[in-house]
Amino acid sequence: MKLFKFAQSRSLWMMHFCTGCGAVELPPTMTSRFDMERFGIIPMATPRQSDLLLITGYLTVKTLKRVVRAYEQMPTPRYVIGFGSCTINGGMYWDSYNVIKKLELYIPVDLYINGCMPRPEAIIDAFLKLREMIDKGEANAWKKYIENYEWYKKNQAEVFDVEKWSLKK
Amino acid sequence: MVSPILVIALSLFFAFVIPLLGMVSKKLPRLVPPLAMLVNLWILITNIKFVSRGAMLVTTAGLKPPIAINLAIDRFSLLFVILIQLIGLLLSVYYLSQDNRDQRFYMLFLLNILGASGIVMTGDIFNSFVFLEILEISSFGLVASKKDRKALEGGFKYMVIGAIGSSLYLLGIIVLYLTTGSLNMAEIAKLMPHIPESIKLFAALLLLAGIGVEVELFPLNAWAPDAYHGAKDEISTQLSSIISKAGIYLAARIFFTIFNGFYALKIIFYLGVITFVIAELAALMQKNVKRMLAYSSIGQMGLLMLILSLVAKRGDVFVITTVILLALNHAFGKGLLFLSLGALSGGNGEYEIENLGGNGRANPLAGFLFTVGALSIVGMPFFFGFWSKISALISLMKTNVIYLIALVLVISLVEIYYYGNVIVNLFRGEGKKYGISIVPAAVMILFALFVIVFGIWPHPVFQIAQSAAVSLIERTTYISSIIGGM
Amino acid sequence: MTVEETIKKDIETTFGELVRVEIERKHRVRAYTPRNMVLPMLAYLKQRGFHQFTLLTCVDWIKDGKFELVYNLYSLNYNVHVLISTKINRDKATMPTAINVYEMAFDYEREIHEMFGVEFEGHPRLDEFLLEDWKGIPPMRKDFDTRKYVEEKYGMKDLTKELFTRKEQPYRGPGSNG
Amino acid sequence: MAMFYLLLLLVLVGIVSFVLGPIKVLRNIIAFLGAVTAFFYFLTNIKPGLIYSLNIRVYNVHFEAGFSSMFFGVIITALFIIFLIASFHEENDGAYYLFAYLTLTGALAVLFAKDLISFFFFFETMSLFSFLMVLKGKSDTSFRSAFKYLVWSVFGGYAFLMGTFLKVYYTHSVMIGDISYLAGGVKLLILILLLAPFAVKAALMPFHLWAPDAYKDSKDTFTVFFSGGLSKIGVFGYFLVLFKVFTEIAVKYPYFLKAFAWLGAITAALSGIYAFMQDDAKKLLAYSSISQLGYVAVGFGIYTHFSVVAALFHALGHAVFESLLFLVVAGVYYRTKTTDLRKMGGLIKRMPLSFIGLLFGIIATSGIPPTIGFPSKWLLYEALILKGDLLLTSLVFFASITAFLYSYKLVHGIFLGKLHEEHKNVKEAPLGYAFGTVVLLVPLLVLGIIPGLVIKPIDYIVRFYLKPELGYNLANMNTPLGHVNFPVVGLVMGLTFALSLFIYLIAGKSYRAEQTDNYTATEAIDEDFELHYAGEFYGFMKKAFGRPLTWSFEKILNAFLKLFSFLGEVARGFYMGDARVYLFYVIAFFALLAYLMGGKL
Amino acid sequence: MSILYFFLYLLLVTIIGLLYMGAARKITAHIQNRYGPPVYQPILDVLKLFAKKDTASHGIMHSLGPVIAYTGIAATLLFLPLGNHTPLLHFNGDLFVVLYLLVVGPLGMALGAGESANSNATIGIARALSMMLGYEIIFFMATLPVFYHYGTASIYRVIQAQGAFPDWAAILFPISFIAGLFALQGLMGEKPFELVVAPHEIASGPMVEYGGKYLGLLQIWHAVGIIVETGLFVDIFFGPQSILWFFAGTFIVFFATVIVNAVMPRFRIEQAVRFYWGLPLLLSILGILQVYIWR
């Protein structure tokens, strides 16, 4: 249904779960100078109500456990945007023992924004990019998570005790 | 027709036979009192039919009334005598189960019953004084028979005040003798209108002092709590059921037949109210159940005297039947309470509410009987107490003393509160178990039966009480049948 | 006589030759004390007015097989930092806790225990502090090879090899490598 | 004559079930059959207007079956049967059933009694045997609360007796007759005294102190009959005194009625507040029952045709939904052995039928349309506005708001939320309870949709005393103010429910997330993590109410009791001391007497 | 035929409600000096929510909660005359039927949220119900004098009884009108009294476990709620209006509450309840006294 596709792209509810140093970029995007609400993106309090998860910056193992749980609690279809290079290859924490290097291995990511913390304009641009991807129907990373669920779980198991943290579907 | 004089003669005979039997064997004296009671009852029952109309005259030594001592029994006195003998019989059966008594105790017990029935039957004032003396002395002895400090103290107080009371009683009799010249009640009653007011009042007051001690009126009942508290349970039952009933009879006889009810009765009315209020309130604060029961029994006696004094105003048969009902309820209900308290505390005398806690659950029969007794005294429906309380209130209303009903109701609410406190405490927590042998249990159940059976169907008791009340009211027939019968 | 000198003289007079005190620069006095003198020194300085326990750090001298524990104290009215450093041997590193002198030391000691493996006797809670279910040896120790750990844990081996290799730097003494 | 046979039958069944005590099965059957025959006998033979007097020589007892006694009699006997069926599951001895039957006899006899003395006699028997029933309660505090209940009901009884004697003294007739022609303030005094026992029974504010403890501590199934049935005697008493005994009360004492209405409203509001502060299910329901009875008192206080019909209808409603709630809580206690809201939760998964019962019960308690609670509340408000005192209407509305609070807390505490470990394998409430729940649900809904069924008999009762103004037929009720068509309300609610259900179904599918899959700021939680809480549910309201919440009638009563114990101390003081002192008393007394009588000597 | 008309009517009101919510977000945005989403944004949100594939549910009661909520508000809508246009039912909606149906909404949502066993939800429900002790009483006491003055309990007749502009109930009873405004702020759950859905404190309160279609239903419920609550207020205080003027009236009232919402911080729960027992209670009592004196 085209109307639903249109609605899904126009109203993205963002999970206000700022994980890394990029979180400080979000307030300016939300408030009057850049105003992301123009595009129908408002921060929501709980994963149940939101469909967009922002991984802003480096992701330590500790926060990864919470992120995976939040991700699984979000209703499908859900999208993930990775901020900065830390989500791509670990960035400057490439050799740190507690930062995960590749976000891809653990949760499927739709979109990356490069820049060691992208400015609000880049973020707004990413949101519009995501809107196009949804319109074109390309943004279905969440299907990948469901299809090769075991692969993701295996990767996660390497890093933390999956049994305790992941939801029993 | 077996002459009722035998009742007195026989009990005297048995009382003095006991020491002889005592020498023969330890067991025998215990059997004598029940035997005596039985014989007396038999005699009395045979005489019922003679008393259907007015009073029945029993002459002694062949001489006519004004001179010799004689017995004047009408339905009212017969009812009381039977009541006294009946309770005496029950108590004596109760004593059968206790073998740690010496024969002196049985003598005192028989003398006590003798005194009581003597007062009720006699037609001669001086004779009533003699029986009053016998009654008081024997009850001093009974109270002090437990030989521990509290009993002796109770007995001593009872004796001191009893002696004062009876001496004043004697003075009253002398005054009456001087003015009327005769000792026979009927004679005095006939001459009463001729006695000047002030002397009549003076005599009444003196007599009131003597009776007041027995009937536990306000200033004179100071001995009662200690005596009841000190004495053994059976003795306090006797005190409350038998001796006070004799006091009630004497008061009724003197103040109605002789004095034909006059303004002196106002004093009894006020005394009754004060006794009732003070005794019940004092009971509220009691921690010791035995003492609480003592106060409650004084309160009941106060209520009884209160209603008795109302008769004078308007000699209404209903009011007197209420007096009799209250007396019966008090005799059986209070007796049941004292006996079951004995069973509950196992006779070792610790009656504090705390250490009685849970005993009701430990020995269920005694607990149940205690509750029945309490509910009856308090006047709950389906118990005899209900009818007596309702008729008491109706009689209060009949003599249009309305504000008093409120007072009586409030005070009985207090009564329920403290009885309820004890009952609740009895059935809570774990208590100590005391065995009761069959005989005392049987006696108690008999008491309880009276209260419950006549609670559900009070009609027969009403019948008897009504007829007895009628006979008390017809003063003239009483006098004529005694003197006129010359 | 600047404030630092008065404090230096004061410490030297009270603790004598056991303690080597030097004024590194304005507002900072450094004292090298043996192991057992640390607690009395802390107590004395607290009583002298150094109320703030700013920091407790640990330096891993793997060559000499020693841990260097540096207690940073600061007094507001003197506006002077005093650094008490002591050396404890590395393998079974134990140190009496400073909690009963300075409450603040509680978390620092926990962190150092987790990161370096120093056992603080008398510390109530030396359990897991920052790292959740960490299995390896305390990560801040020099003998913990982060790059090898990252390779087998996160599979990031090739990139670092060919882009740049870092030669082993010669050791130029304390405070030199900035 | 039929009335006497009915009472006799009940007493006999009671005695038989006592005698058959140990043989449980036989006793239960006999008890059940007895109750059912009594119920049908009641329906068939007891015609209104039947008069019968029994002379027991000492006193003659007069019976007369009026319309109101029929109305209340049917409610009480029906509830008795439900109580009986449920009580077979609990292990209780023969005496329990004897006392139950005798309480019922007392209650029915009170309904029939025509003269005041026998009214008092049966009222006392009812109180005595219900006291013994509460005495058989489950917890150790049941003795204390039973005793409190006895003292209160005897206080009521004695006030009634005092009123009776005053009445007899002035009107020389013991029958329940009119006293409004008496002169002076005495008729107000008689009115208050006669009203006291029913205020105690229907737990009006100052007299309600016994109710929460007695309801909490009596056996669960008995509380169903105790709060549902016996409180109706209080309501019958209101009707009796305010209409039969004092016909022109509206003319002579309008202020008394106004005060009575305000008292009812205050009871409703205050006990509503206490209710939602309680953490124990049965205590909460006890206060809710008192609050609902407060509305009935308001209805009687307004004294117009609408308000009295509303009050009687609400009394019927109260009997239905209050006993339903108590029955469900009893079923829950039977399974989980606790009524503490803090220890329960999530039982909807294990006891669905009880949940439905409780859900409709609380909907009725808060007076939401499709159920029986709404028509009576609606009519009451109409009456209040017609009468014109708006402040009273607001207070009653405040009280009905508290109904939402405590009823939701009840459902939340017991059924919603996380299932505790120990309740994992709890089965549904046993058959007896389930049967009672279903039976009570039927009137709750049917009378909510078509209230006309019951309004007719009620109107028939009130028509005799007050000019009928309420226009009604089976489906709707109209008053000068407004007009409501109840089936339409129900229909609309059903329709909209179907619509939203349809919307719900066409949308996407949903999966069943199990308990630990819950948003707790994405922390992992395991089984025994305490997610669900019901204790201190409105804890913050304590701060909102602040200090007034701490005042309680208990304190006032204790202060009053101290007065008596002070008097007791004084009286006891008199009996201390030894023989000499007593001697002094005697002599002093006679000296005083002599002095008094001096003049006449 | 009436069923179809009934659905259309409900759909129309829902859409208008959603547009109101969009307007509210637009107004708040402009107050905060930013553009804010397009007015039809809530409609898109609702469509997106209904397009959600699968959402978590904690049990039948959990999923039925929003259904009952929507039933309550839809039924209230039908009993509420909008201006002088009565809904399909000739039965002129009675005040108490409306008031008690208004409560079905929150109760249904509370039951559903309770089943989700989330502590945030429980706190939210406790706050929602306690708040009722505050605003519900004031609302009732504010509207009572109007009904009493016009001697009827049916909203429809109250509307007819009020004449043209000068003798509107708002003019005749100014004190009650102001008290009604205070109460409306609480009834709508706007900022100073937005304790129930306080996103920062209790993660959107009862809605914490609702996602996807449940949240969609709750959004519609909120939308229709706006129309019903403001509509009730307008009916009582602003007299007979044509449909257009009625919606204009409701928008103005809604506009007032939104402005207050945009600038006010949030009360603590006991402050909120206590606030209602202060000034608003006094005002409403004065209103009632005014009726007595004036009548």
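Each chain carries a letter (A, B, C, D and E) given by its place in the written order, and its residues are counted from 1.
As a convention for this text, a contact is a pair of C-beta atoms (placed from the backbone, for glycine too) under 8 Å apart; a residue touches a chain by one contact, two chains touch by 3 or more.
Predicted model only: the values in this text are computed from it and were never measured.
Engineer: Quick one: how many steps at least from chain A to chain C, stepping chain to touching chain?
Structural biologist: The distance in steps between these two chains is 1.
Engineer: Starting at chain D, find the fewest moves between touching chains needed to arrive at chain E.
Structural biologist: Tracing touching chains, the least step count from chain D to chain E comes to 1.
Engineer: Give the chain pair that accounts for the most C-beta pairs in contact.
Structural biologist: Result: the chain pair D-E has the most contacts.
Engineer: Which chain is in the middle, if each chain's centre is the mean of its C-alpha atoms?
Structural biologist: Chain nearest the centroid of all protein C-alpha atoms: D.
Engineer: Centroid from C-alpha atoms only, then distance chain A to chain D, rounded to Å. What do you get?
Structural biologist: That gives a centre separation of 59 Å.
Engineer: How many angstrom lie between the CA centroids of chain C and chain E, rounded to a whole number?
Structural biologist: Computed from C-alpha means, the inter-chain centre distance equals 62 Å.
Engineer: Please report how many Å separate the Cα centroid of chain A from that of chain E, as a whole number.
Structural biologist: 36
Engineer: Taking each chain's centre as the mean of its CA atoms, how far is chain B from chain C in angstrom?
Structural biologist: Centre-to-centre distance between chain B and chain C: 99 Å.
Engineer: List, in ascending order, every residue of chain A touching at least 2 other chains.
Structural biologist: Each of 46, 48, 65, 73 in chain A touches at least two other chains.
Engineer: Going through chain B residue by residue, note those that touch at least 2 other chains and give them in order.
Structural biologist: none
Engineer: Among the residues of chain D, which are close enough to touch at least two other chains?
Structural biologist: 511, 513, 517, 519
Engineer: Between which chains does touch occur?
Structural biologist: A-C, A-D, A-E, B-D, D-E
Engineer: Taking the touch rule as given, give the residues of chain A at its contact with chain E in the complex, in rising order.
Structural biologist: Chain A residues touching chain E: 1, 3-4, 6-8, 10-11, 13, 31-33, 35, 37-40, 42, 44-46, 48-49, 51, 73-77.
Engineer: Inside the complex, what are the residues of chain E that reach chain A?
Structural biologist: 25, 29, 32-38, 41, 43-45, 47-48, 50-56, 199-200, 203-204, 207-212, 215
Engineer: Which residues of chain E touch chain D once you look at their complex with the stated criterion?
Structural biologist: 3, 6-7, 10, 50-59, 61, 63, 66-68, 70-71, 74-75, 78-79, 89, 91-92, 94-97, 100-101, 103-104, 107, 110-111, 114-120, 122, 125-126, 129-130, 132-133, 136-137, 140-141, 144-145, 147-148, 151-154, 203, 208-209, 212-214, 216-217, 269-270, 273-274, 284-285, 288, 291-292
Engineer: Which residues of chain D touch chain B in their complex?
Structural biologist: 56-58, 117, 121-122, 124-125, 128, 135, 140, 143-144, 146-147, 150-151, 154-155, 158-159, 161-162, 165-166, 168-169, 564-565, 567-572, 574-575, 577-579, 581-583, 585-586, 588-590, 593-594, 597, 600-601
Engineer: In their shared complex, at which residues does chain D touch chain A?
Structural biologist: For this pair, the touching residues of chain D are 511, 513-514, 516-517, 519, 522-524.
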